[in-house]
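A, B, C and D are the chain letters, set down in written order, and residue numbers restart from 1 in every chain.
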């Protein structure tokens, strides 16, 4: 019963992840130019969309990493409780929110207000990181973990999540002064997770 | 066979819930300002979007609670019949409709017409509540319930659904005079359900 | 193996049905009026959206019936073959197309061009009906049916699909002269299917 | 465990395929004409949308073929590893990107800039083809294949993927000079795959 419960929550979460990641493309708008525009002018207009491509790539990568991570957490869960479910709901709220800061970045990445857009974007990931910390705390304190996971391993994961939150907080502050550097810090963290995250010993 | 049937209807319903909840974000529109806008002006424009954030949070929370509730109902079902399937279809119609009153609220929450938008929003939940009542009645009168559910428990759930409908009807009337209070009443109900709704004895 | 194959095609199809049915809501556009509009004026604008509500209800109902029908077909399938898969792909193409004629209807249902919109809408269902006929023919002629389905039952279903196609062809022609009557004929057919379609003896 | 892992990655991928294929319809925009337009004028406007229909059909067919192909690959997989997961993630990125070049084609297929749009469209499929080659290489070199697949069969598939990449590269170059011919080459390849791709000996 508990197993079935976990499976259904996981399937619903996967649905939200899959839809949010696929909706990102709606943010890239086809340039509406005159019907008589030359191929070269259209090519130039397509190049001018680079902020949209960057925002799309960034957020696709972020949601993919988050999905893999979410999956790793659910593999460690033996059963669910209300706190866990609401922490997970809070995380899904934020995952489904990601297309908005992404579209914001696409619009302002090459404008004067880039820092404000980047602060908003990085700030969203502080909230996401709080979501993961809440889920993890529910898992540890609510005795939801699979048996046989060592305390050392638990402590390592706790630290990793706190570290993530610290990076996002820092990148948000940095983005106040230089949006590109702030975004670059987020990206570095995701690359790091992508490299670390799938060692079999961590993932299962 | 009956079990497989139930599973597929549940999976389809979950899909509609997951898509509707994730589509809500499309309602928050990136402010289209001049490319030369200052970061401070963009930040101000983002704050001005508060009605969109409120509408998004409200409806996300509502659909999440509805999904958990729907899940609770399906856990009590032993088999399905045509009436149940059409009652469920009617509910899915309304779930997929939610993004529209949400977008309406986002547009008019800070305008003079807020009451009209709130009445429309609350009115949608009267219909949703009728949908749940129909499903529940089909379950009880069509002998679809799992065995071993006590009459006391059934009566309690019947009352809870009627109570929900009464709250929505009241909030819709109240919203005619003050939209914010009407919406606040809905929110209170959802918070109450979130707190009550996951006692293991109710959920399974 | 064959069973797993069937299951995956069915899950993919269900996904397309669920997404198409939930995307219908994007067609109902929030009226963009002045911020100072009165509640009564907003209420009037919401009433003026009736063509959108009608188109939404009509297509939601149609896709729901089609999903139930599709489900009924897959329950009769023992194994799949390439022809069946491509016929199913053709049907999914049309299911995912439905939001467009729906939006068209919403835009022109109360205008002078209603007949053109209704012809386009009804014509889409001729194609859908061809899709179902193709799937069914692949099932019968490709020996994909479960064992133990009587020839009488097969003949009855063949006739029912041909009858559906004839109704759509007629409604499309009728819509040339009166769009409302053409749409009403489609609706009648769907109501008929909803009533007939779930007799246990037909559905399984 | 490994089996469950494969299943969840496959379900997530299927979700992205199903959503991307269903989002294609959003690219076909209802013509916004005067309320008093005649049925004949609306019919003419609907015919004028032919580039949208062509782009929709083309991309729907492409994603469907890609989904069947993806499915065939996963049927050959015994277990997954990190490289495979990221190659698959790269492919999903591109699948979810397809609605953008599709909308671009719909906008410019009947304009002067058609070649630029077609080059962009065909170029996207070069990347997609690289994605499939990466997945396949991970499968072969990472020992992820089911046992009992002959070296001859592996070599045949390797060649088929390289051939696909060569066709896309050629069609992209050709589209520089004639967009229609370039798109036609892609279509020919997909038709070829549709015919070849479901011989039982290749698919399982």
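Note that a contact is a pair of C-beta atoms (placed from the backbone, for glycine too) under 8 Å apart; a residue touches a chain by one contact, two chains touch by 3 or more.
Everything quoted here is computed from the prediction, not taken from an experiment.
S.K.: For the copies chain A and chain B, give the interface type as same if over half of its residue numbers appear on both sides, and as different if under half do.
M.R.: Under half shared, hence different.
S.K.: By how many degrees does chain A turn when fitted onto chain D using C-alpha atoms, rounded in steps of 5?
M.R.: Chain A sits rotated relative to chain D by 90 degrees.
S.K.: Could you find the chain whose CA centre sits the greatest distance from that of chain B?
M.R.: D
S.K.: Hey, how far is the Cα centre of chain A from the one of chain B, in Å?
M.R.: 26
S.K.: I'd like to verify one number: the distance from the centre of chain B to the centre of chain D, where each centre is the average of its C-alpha atoms, in whole angstrom.
M.R.: Chain B and chain D have C-alpha centres separated by 36 Å.
S.K.: Counting only residues that touch at least 2 other chains, which ones in chain A make the list?
M.R.: In chain A, residues 11, 15, 19, 23, 26 touch at least two other chains, as defined above.
S.K.: Run through the chains and report each pair that touches.
M.R.: A-B, A-D, B-C, C-D
S.K.: Spell out the residues on chain A that touch chain B in their complex, using ranges where they run on.
M.R.: 1, 8, 11-12, 15-16, 19-20, 23, 26, 82, 85-86, 89, 92-93, 96-97, 99-100, 103-104, 106-108, 110-117, 119-120
S.K.: In the complex, go through chain C and note every residue touching chain B.
M.R.: Touching chain B: residues 11, 14-15, 17-19, 21-26, 28, 30, 32-33, 35-43, 46, 56-57, 60, 64, 67-68, 71, 194, 198, 204 of chain C.
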